[in-house]
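Next, two complexes with subunit A in common: one pairs it with subunit B, the other with subunit C.
Right, the complex of A and B next:
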């Protein structure tokens, strides 16, 4: 991932600041940077969202396609993730440079979102064992300024909220086979229930404390971080440790508790904002990429 | 614990005053500078149907028959005497490579630094071996441009007690076009922190040093914790600098200080919210106008 160089003295300054609960940009340890969210950005997707968090920018597009369900779960649809690390974000991603990070991110996203506790996968089923909706979730990293996981999860939740899947009507034809008919009316669509979709909270252990929404500089001072995905009820659906350093059990417990608290608090303003944007409908002027 | 989420807002187009419109020396790509063929084509221009046209957005500069456009969005083009803040990227034979936001890495020669223990000391082979003890990769320095090589790379020097290795503080990276050229780029601001406005757009904020620190020849860095009040001032200044830069206000000690004063009614972490930023910058610009007029 994009890394920055930080001198020893700068590290000491950041470390002491976090100890005193006053970070370099004036935030406390559990504060997020201010976030901008816009949905329905890309016209040729079924749902899309762009999230900017500080200078981190993530664009998510969701395409729905009809496929055969997985044989193990014939009555459920599924999600597929692909993370594209654009070389615009950092020159390190040029060529195949972003591939490794992209796979790592998409595998984590798959674990977090593709289970029945986060998404109502049954609603994606059209006819058991034969047809189901597959949601292709494409994530594009436009800029990296730390805290990719959180920004991505919020963007995915917003994009899922925005996703409109056309309704299907199944009719039996003369020979007893099934015929699938898609509705032509753009307003006759199915919306996804995103209530249980989790948000990811990344906690970076810096010194003896942990921070959420770490900038690249803070990330450079941290040895290990914990990724926790939390639903609006505070249920932890996935947890991962990243980074080379070690965490002692006590601090893992503390960080999980903090992650649950912070994660729970993320959902309410996000849903409020998404509903507000929805209610504005066509009257809202889109900002897009040049705003 | 707080997450501030919002819809993005459309940036209002800045209403330019009439005087700015009439300024013929400000051009955008495609603007015809002159259709007179008697001029020579310099940087940032091209000839399109016998007309000299700008290829970058910036300011037109004329030297005799040569017309150049100095771009506004650019990397740092150093000149002799510029104060810069930079980061060491490499330690080489007798020299350090320094990242200064220029097109090429700058060079800091071992012979152009003050070594601890006297200014007029011969540089021995031992000094060469212990270079990394003075400055290692990642360290920040303040320096002055000593000369410019033919390829545009800069040669720096730190042969004055005011330059040298930087200790605890915060680096803010901005556009070099936003830094106003002044007599001095080192300021001890009355709000309780010091600032180095590097000409290369790197701004260093640090707690105002005490007396004893300045004697160690610039290689001593204190790792004592900075007091919470100093931290708050520095964080506030950092956010103010970013706010000013976002609204393209020229940076010098007065503008920074006015912005700091205008921001006092807000919490430090709120300064970077767009509406607060706009309000603070407006107040600052007003104060600057009053002071001028």
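Right, the complex of A and C next:
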């Protein structure tokens, strides 16, 4: 991640603040920064979303393609993730500098999203064993100010909600093979059910307390972090500890409880916002980066 | 015949423009707070994001430091979802490396590098959506980003891609026209002095038509420079209003 230098005095200041539930920008320990979400920004894709969380900016584009399903699960489609840590975020990511972080992020995304509990993969199947939809989820990191996982997961959920997959008709070919026809009507499309898609919450342990949505400065003062992915029902689907320090088992339980609470509270407003944006339909003014 | 489709008898192109008409240009400066300078520019359906870091100390190989001027380092990359067919690698392929070198060449002609010896200026451009004229949109976006970073330049750098169909030069090609077998020419211009920073063409064109094509490109670039100037003045007004309060 892009690193920032923090002096000892600043570290002590941040630590003492968090101890009293008052962070540098005035937030409480479990408050998120100002978040902006916008969908349908890139017209070349089947679904896209842009999320700005404080100074962190993430753009997700989803393209759906027809491929052969995986041999172990012939009646399911699947998702492919690719995280591009672009040089826009920091010069350290120029050339191949961002590959390591990108691979780590996309591997975590695979674990969190690409399973039948998060997404109904059977709905992506066209004909069992022969054709299925593959969703290529491409995440573009534009600005990095901490808390990449949260921003990415919210953007992925919004982009999946926005994805419109064209309907497919299978007809028999002359030689007995199957021919696939995509519907010509741009409005005749299939939408995905994103009810169960989880959101990732990152909790950083700073001193004796944990904080949600840490900035780069707070991350520099933290010992270790815990990444939890939580669904709208409050079920934890994936959990991982990252960072070099060590955590006490009690801290981990505490942080898991806090993560579940915060994560569960994220889903309802997010879905409401997405449905509101969708309901504006044609009257919606697309702002993107121009606003 | 390709020529008939690209330019109709009434003089209209595939997207309804006339031969010398540019696509709609919309831009915004100062998009990202963390970078030294940033800009977003849309030209029709092509969208590009440019970010500038610097001038700062040389990173990486100190041996490449120049004693009398700054080194300009450019990277051109495309988002994997920017093209109709998904692109597997955002950068690192030959096309992107070539584009990065072209951008470097273009900006070395415009940026006053003698003011910053032994330092480096990074220009990173990302194409979010590709619909033809990638190089030109990158140059225009990068100009705004360099201005936003406060790095002095001799003049705006404006670029445009023009093509030649049916004895008529077409300004600002879109993807359908570029891939329709049109001889296209990319030109980067410093408008006030009429100096050409970069000229590139890799198609067959009769020598007699070359001058008309370059003239058309220069006119198109001057049109772009007016728009960019407007954007910069607008941005400065907004920023100075905030500073005054």
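Some observations on this one:
The definition used in the following text is that the second predicted complex is superposed on the first by the 290 of 291 C-alpha atoms of A that agree within 3 Å, B and C clash if a C-alpha of one lies under 4 Å from a C-alpha of the other, contacts with A are read in each partner's own complex, and residues count from 1 in each chain.
In this text, a residue touches a chain if its C-beta (ideal position, glycine included) is under 8 Å from a C-beta of that chain, and two chains touch if they have at least 3 such contacts.
Keep in mind it's a predicted model, so treat the numbers as computed, not measured.
For subunit A, the partner with contacts to more residues, out of subunit B and subunit C, is B. Looking at the shared chain after the overlay, A:57 reaches subunit C, while subunit B stays out of its contact range.
In the overlay built on the shared chain, the residue A:65 is in contact with subunit C alone; subunit B does not reach it. Touch criterion met: A:266 reaches subunit B, while subunit C stays clear of it.
By the touch criterion stated above, A:13 is placed in contact with subunit B alone, subunit C being left untouched.
Of the two partner chains, neither subunit B nor subunit C is touched by A:218.
For subunit A in complex with subunit B, the touching residues are 5-10, 12-13, 16-17, 19-20, 22-28, 30-38, 52, 261-262, 265-266, 269-270, 273, 276-277, 284-285, 287, 291. Chain contact summary for the complex, subunit B toward subunit A: residues 1-11, 87, 89, 137-140, 166-171, 221, 223, 225-226, 228, 231-232, 235-236, 238-239, 267-269, 271-273.
Subunit A contributes residues 42-45, 48, 55, 57, 59, 61-63, 65, 82, 84, 86-91, 94-96, 136, 138, 140, 142-145, 288-290 to its touches with subunit C in the complex. Looking at the complex, you find that subunit C touches subunit A at residues 26-28, 31-35, 38, 40, 42, 45, 47, 49, 51, 53, 59, 73, 75, 77, 79-84, 86, 90-92, 122, 124, 126, 128-130.
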